[in-house]
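Take a look at the structures below.
Below are two complexes that have chain A in common, paired first with chain B and then with chain C.
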Partner chain A sequence: MKKRRPVTAGSVVFDIIIYGLLALIAACMLYPFLNVIAVSISDYSSYLKNPLRILPGKLDFSAFEYVFSSSLILSSYRNTIIITIGGTLISLTLTILTAYPLSKKHLKGKRAIMNLFIFSMLFSGGIIPSFYLIRSLKLLDTLWALILPGTISAYNIILMKNFFSSLPESLEEAAKIDGASDLYILRKIIIPLSTPIIATIGLFVCVGYWNSYFSAVLYIRDQQKWTLQLLLREIIMSANTQLLSSGGNLAEISKDAIPPQTIKYATLIVVVLPILCVYPFLQKYFVKGMMLGAVKG
Partner chain B sequence: MKKLLAMLLISVLMVSLFVGCSSNTSGSNPTDKPTQEPAGSSTGNDNPGDSSSAPEEQDNELYTFKMFANFTPAEQSEADKSFFAAVEKANNVKIELEVPPATNYAERLQIMMAGGDYPEVVLFPGERDKILLDAVENGVVIPINQYLENAPNLMQYTYNISWDSLKFKGDDQIYGVPRTSIARADGYIVRKDWLDNLGMTIPEGGAVTKDEFVEILRAFTEDDPDGNGIDDTYGFAANSDAEGNMGPILTWPFGLNGWQKADKGPYEYMNLQFSKEHDNFKKALEFTRDLWAKGYIDPDWPVTKRETAIERFKQGINGVIGEFSGWVAQYITDMTPIFPDVELTYITGVKDDNGKVEGGSFGTGFWGLWTITSSAEKPERIISVFDWMLSDEGWPTVNYGPEGVTYNVEDGKMVATDLYAKYSWGRAILRRNNDPAFFIPLSTSEEMKPKLEKWLSTCIEQAIFSKDRGYRPPAADDPVYIDYQKTMNQAISKIIVGERPVSDWDQILDEWYKNGGEAYIQQVNDFIKSVEGQ
Partner chain C sequence: MIPKVNLDRFFLRIGSCTIYLGVMGSMSAINAKRLQELQTTKPKKKFQSYFLANKWLYIMLIPGLTFLFIFHYIPMYGIIIAFKDFNVVKGIFNSPWVGLENFKYLFKSKDFYIILRNSVSISLLRMFWGFPVPIILALMLNEVRHIHYKKTIQTILYIPHFISWVVIVGIIYNFLSPSTGIVNYIIKSLGGEAIAFLQDERYFRSILVISDIWKESGWGTIIYLAAISGIDECLYEAAIIDGATRLQRIRYVTIPGIASTIIVLLILRSGSILRNGFEQIFLMYSPLVYDVADVFETYTYRVGLREGRFSYATAVGMFQSLVGLILIWTTNRLSRKFGEGGLW
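This part shows the complex of A and B:
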């Protein structure tokens, strides 16, 4: 058993400093959240009185009422959930099915295929060619345009492949001797053993889909198919947008078009909260998965 | 079975590869595919005007066209839907709106133009827009002169100078319908309750001299105007521009009114900011620098955006803010819960050395323009819709929304309904240049109305246009010029905060001339002469 170090005055001071510093950093991280929550449930005049508040002023939930009464918020919420869940499932399936064969030593042409994937990490077609591609595939103005282009990431495939390679081959050999097929081995042995990497990549992809907005800018015309982040950006940035589009003509900056800070913050909470809830549950897999994926190259 | 599985896995692998290549990290595919469609699209430019010779009897047929526009807020309200329904009914048209996110309007415009699939009507945010000028050059945006002949209302209620600024090719061809805004030289909203506390008043006409203006800022900063016994107020709520640059807070009283006829110097027309023969700009810099040094301007100015400046005024930190007079009532509504006794008034302008108030109005009387593209089969029908909006029949609908939806007439007076507050898209399409009542909402109190009318009419009277008509000369796109422009803007900020002396301006200006400024001035002069000579 390890011996505890004796408690000295110096170590106590050191601990106090460390804890103090950590508390300060934690406060810096927490403060914006508290401020956003406090403002979103206060009335506008309370916000004006003290914009930096961490305790709510006069309680007023009208900002949330406004947010949830907007049909655009509801539709963009629905769209984001669809592309996040659908995209993550498709992406994980494709990534597993691609990485598994690539992790097999006996796959012919493995190196060439891997190089092709790595090539796609280095070069990109650019915005306009990608737009042409999506249009030619008749995906414009569909949610598929927001899901499909992001399903496969070469980086995720490499992580997944490395993880599969690190699993002991004897497990598969034993299964094969017992008559298991490749698909059965993948389903019953490999995938259950790979939950850390699947959770990690699932989180990567899920957060990526949840936060994506630029694909929607490019490929979506119908407002009812906007994503949540796009709408959020629209609400938060409206003041700057208005100022720029009016060319400094103050009369053309419509007061109705700039939502008060309370509404902006309420929207922020509505958008951030779901993904914030997912994060802590996946966090342990996240760290573990990163480590495991990096063991073997 | 094994073979089947192998085939399956290989096919998934191949699909993944293709998907991988087509994603954001895509490789070669995209460049091959598009050749078919853009080629087709470019041929759309061939015969834009042909349809104008369509037989007369077809003119009453239902005509459907797409409108690519920038409206805020993003969500179309019931009031706005009713407005478009009214426009469609009155003109027998069907308008298919495409409203991209306002925050990425420029990107969407660019993609739309590159994609070759042009809506019939496209809103461009500014007449200097590079995408617009390219579209005009490529024939995507068509001239509309021949259709304007049958648009008396558009012609009557649009500034001539606005039409001038849309003649992009230097000939008579006009390439869009200006989204007119009423030209004004705006003044300043001031805390009247603070003035009363200090025993100060604004002169009857609403305009003040530079000294009076400074005295108000001084008193608001030093004399505890809110009477709370704490030195926590400042005079002027200033904000930096989008790039974080500061500039003189007063320019017009120093004769800086954009491009005007020069009284001396080598050029016939001059923006006095760039004149080596005039020290107007230096005086304006000195004036602002002095106010800053004395602390009469909000100390957060360098890091304050417009939105924050407005908030700081409403929070009672500052007592004067440059603002459009039409928003006074809204300021009072927002501030009353915090300051129940708040009263606001308006300084219509600051007099120059001759006792006159004169201000260069923004741009050339409009904010953005509606263009018609080569996809339009019946441009004349689109112009007639715009013309209807400014007609005696259409104008009240544009201004107040459809009767029975956004307002009702009771005892001969228009009374706003609940939906009136949600009506905004229709008001952002076109407007008459001679109807300031546009800016006085139906919901304005009877007490406030005459004040607003007076302030508005004063601001309209004192507006003058810059003679450059928003022209962007080729010299302005020279990278050397663009680079130096940034250096110059930063230098202006440094002069104001006292990091550089005002006398440095001469050297900064010399450098500007060397870095493309001379060509810029010459090209703007050539342009003004060509337009003024007509």
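This part shows the complex of A and C:
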């Protein structure tokens, strides 16, 4: 449709400005990452020569060797992976199970249950009562404290529910006549049809767990239970990077040789990389899912 | 011979017959009552069969509702800590009531006015500078006609949304570092003096707002792009026939087409004016900038969990939640009036 628009000189200038500006903005978004990556894999002397670089100078991966030789980083990595996978699975299951009945127009008591969920979005007990709850459940300093409180999100349930409602009812009716139970319909018909929204919400939840920091600040003291974000924060804030070497097998790398900044940048990359790797594959799903879920919000 | 047992049965039958007759006799008297009973039992049965027919749907709701109850509603009950002199050893039940003492203390303290001022002004600054950016970006993206260029730009714009504040603040710390940071490297190479941006009250809020825009603007375009895609293509065709330039088409077709979305988002945004989120500010601030940076979330955390004043901190949090609830409820009603349905 848009092809039929007349091409004038003004239009071309307009295009150039828009395309140029967008390219500039995109460059602003990418620059910090490129710079951090370039510095983390370069020799420090090339950083000092040109700190603004986006291309690596003399390659030097010793910062990464150092980071991965730290036992603290490995245990944090393990903890983060556990809470991310565990949290995403539990959360997706709960969200699907809750959203499906609520997507039924005829369900009695639906309105009241929806209101309970919506109210939980608008009002919360706050930090202290939540902390006290976790303490009373004896979950302090366990990974469960990082997984369980975030599993139910009213927002995700509403997104999922809206998607389910948009599916044609005739499919379910046909299965119902054949004697299928609701559970069977959900498993065999609804879930296979809902991959875009499940991928979308799965991505949100997964990224949320990977990036979560506040709950770890609240509930985790034990260094063995630290998550990546918590560790990264401590490394960024410390003047030296001694933290990483505690208990680690540093082998032949002497820690004085690697400047703290390079190590900090290498740790940053180690924390971000999994997200950046998953993102392009799920990206095609989530925009679609967002828009479908937002219909009749 | 009729066995005894059968005789017994026979008399029993007669007995029950008399009872039956007796009941029938009194039937007319309680006829109205019985009718009522019938009317009430009928829907009850209907409800039971409805429930049975949909039992899986209700069973599916149980786990979600259990989690909701435990992790959202029990903490709401825990809010009574704000009205008590809470002591961890005694627990919530046994701690003595103090009424509104904690709130009185809150409203008298100087801190309250500082955090209220900071919370409101930081979110106003965010709204003023940050709100228009996704709209402008979406309008620009909509003008891009090469689908691959558009997709690439969008992919890049969405990335920062998925990066944690810990990482972003980590980058900011290093970039702004007075000794090794690249920003000060530029300032120094231009002949200026190094500035400790994050420790300076003059720059702190700007850094807060800019980093927020950098992280969330790209993501914010999605909703506007969805709104734009809903505009009828005929309007553009008509505008072209009328000789409208591209700027005029944006001004007179696209912007009016997404105006209701803009208004609703603006209203809803102003409903969360007391909320600034915890992580970004907590990660960036330091005692040097508390005066301009401390907001409800960070203050609650500090006095509650660092200083151990549980009751007072709960009162602070409750004030924020309660005023926030009223604000968002009001703004949601407002946005419904604009015919856009609001949040729920």
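Simple rule for what comes next: the second predicted complex is superposed on the first by the 255 of 297 C-alpha atoms of A that agree within 3 Å, B and C clash if a C-alpha of one lies under 4 Å from a C-alpha of the other, contacts with A are read in each partner's own complex, and residues count from 1 in each chain.
As a working rule, contacts are C-beta pairs under 8 Å (C-beta built on N, C-alpha and C of every residue); 3 or more make two chains touch, one makes a residue touch a chain.
For clarity, every value in this text was computed on a predicted model and none was experimentally measured.
Trainee: Which partner does A:92 reach: the first (chain B), the second (chain C), both, or neither?
Mentor: neither
Trainee: Have a look at where A:45 lands relative to chain B and chain C in the superposition and call it first, second, both or neither.
Mentor: first
Trainee: Would you sort A:72 into first (chain B), second (chain C), both or neither based on which partner it touches?
Mentor: It touches chain B, and chain C stays clear.
Trainee: For A:101, decide between first (touching chain B), second (touching chain C), both and neither.
Mentor: Once the two structures are laid over each other on A, A:101 reaches both partners.
Trainee: In the superposed arrangement, which partner chain does A:211 touch: chain B (first), chain C (second), both, or neither?
Mentor: second
Trainee: Would you check which partner chain A:11 touches, where first means chain B only, second means chain C only, and both and neither mean what they say?
Mentor: second
Trainee: On the A-aligned overlay, A:124 touches which partner chain: chain B = first, chain C = second, or both, or neither?
Mentor: A:124 sits against chain B and chain C alike.
Trainee: Pick one for A:238: touches chain B only (first), chain C only (second), both, or neither.
Mentor: In the superposition, A:238 touches chain B alone.
Trainee: In the overlay, answer first, second, both or neither for which of chain B and chain C A:265 touches.
Mentor: Only chain C is touched by A:265; chain B is not.
Trainee: Hey, what residues of chain A end up touching chain B and chain C alike?
Mentor: Of chain A, residues 51, 94-95, 97-98, 100-102, 113, 116-117, 120, 123-133, 148-149, 151-152, 157, 181-183, 214, 217-218, 233, 237, 261 contact chain B in one complex and chain C in the other.
Trainee: If we count contacts the way the header does, which residues on chain A are in touch with chain C in the complex?
Mentor: Against chain C, chain A makes touches at 1-2, 4-6, 10-11, 14-15, 18-19, 21-23, 25-26, 28-30, 32-33, 35-36, 51-52, 93-95, 97-98, 100-102, 104, 107-108, 113-114, 116-118, 120, 122-133, 148-149, 151-152, 157-158, 181-183, 186, 207, 210-214, 217-218, 229, 232-233, 236-237, 261, 264-265, 268, 271-272, 275-276, 279-280, 283, 287, 290-291, 294, 296-297.
Trainee: Name, in rising order, each residue of chain A that touches chain B in their complex.
Mentor: 43-45, 48-49, 51, 70-72, 94-95, 97-98, 100-102, 113, 116-117, 119-121, 123-133, 135-136, 148-154, 157, 181-183, 214, 217-218, 221, 223, 226, 230-231, 233-235, 237-252, 254-259, 261
Trainee: Chain A touches which residues of chain C in the complex?
Mentor: Per the stated touch rule, the residues are 47, 50, 54, 56-58, 60-61, 63-65, 67-68, 70-79, 81, 92, 137, 140-141, 143-145, 149, 152-160, 162-167, 169-171, 173-175, 180, 182, 185-186, 214, 218, 222-223, 226, 233, 236-237, 240, 245-247, 278-279, 282-283, 297, 300-301, 304-305, 310, 313-314, 317-318, 320-322, 324-325, 328-329, 341, 343-344.
Trainee: Which residues of chain B touch chain A once you look at their complex with the stated criterion?
Mentor: 1-2, 5, 9-10, 12-13, 15-17, 19-31, 33-34, 36-38, 70, 72-76, 98-105, 107-108, 111, 114-115, 117, 125-126, 181-182, 184, 186, 242, 305-307, 311, 314-315, 322-324, 326-327, 330, 334-335, 337-338, 362-363, 367-368, 421-422, 424, 427-428, 439
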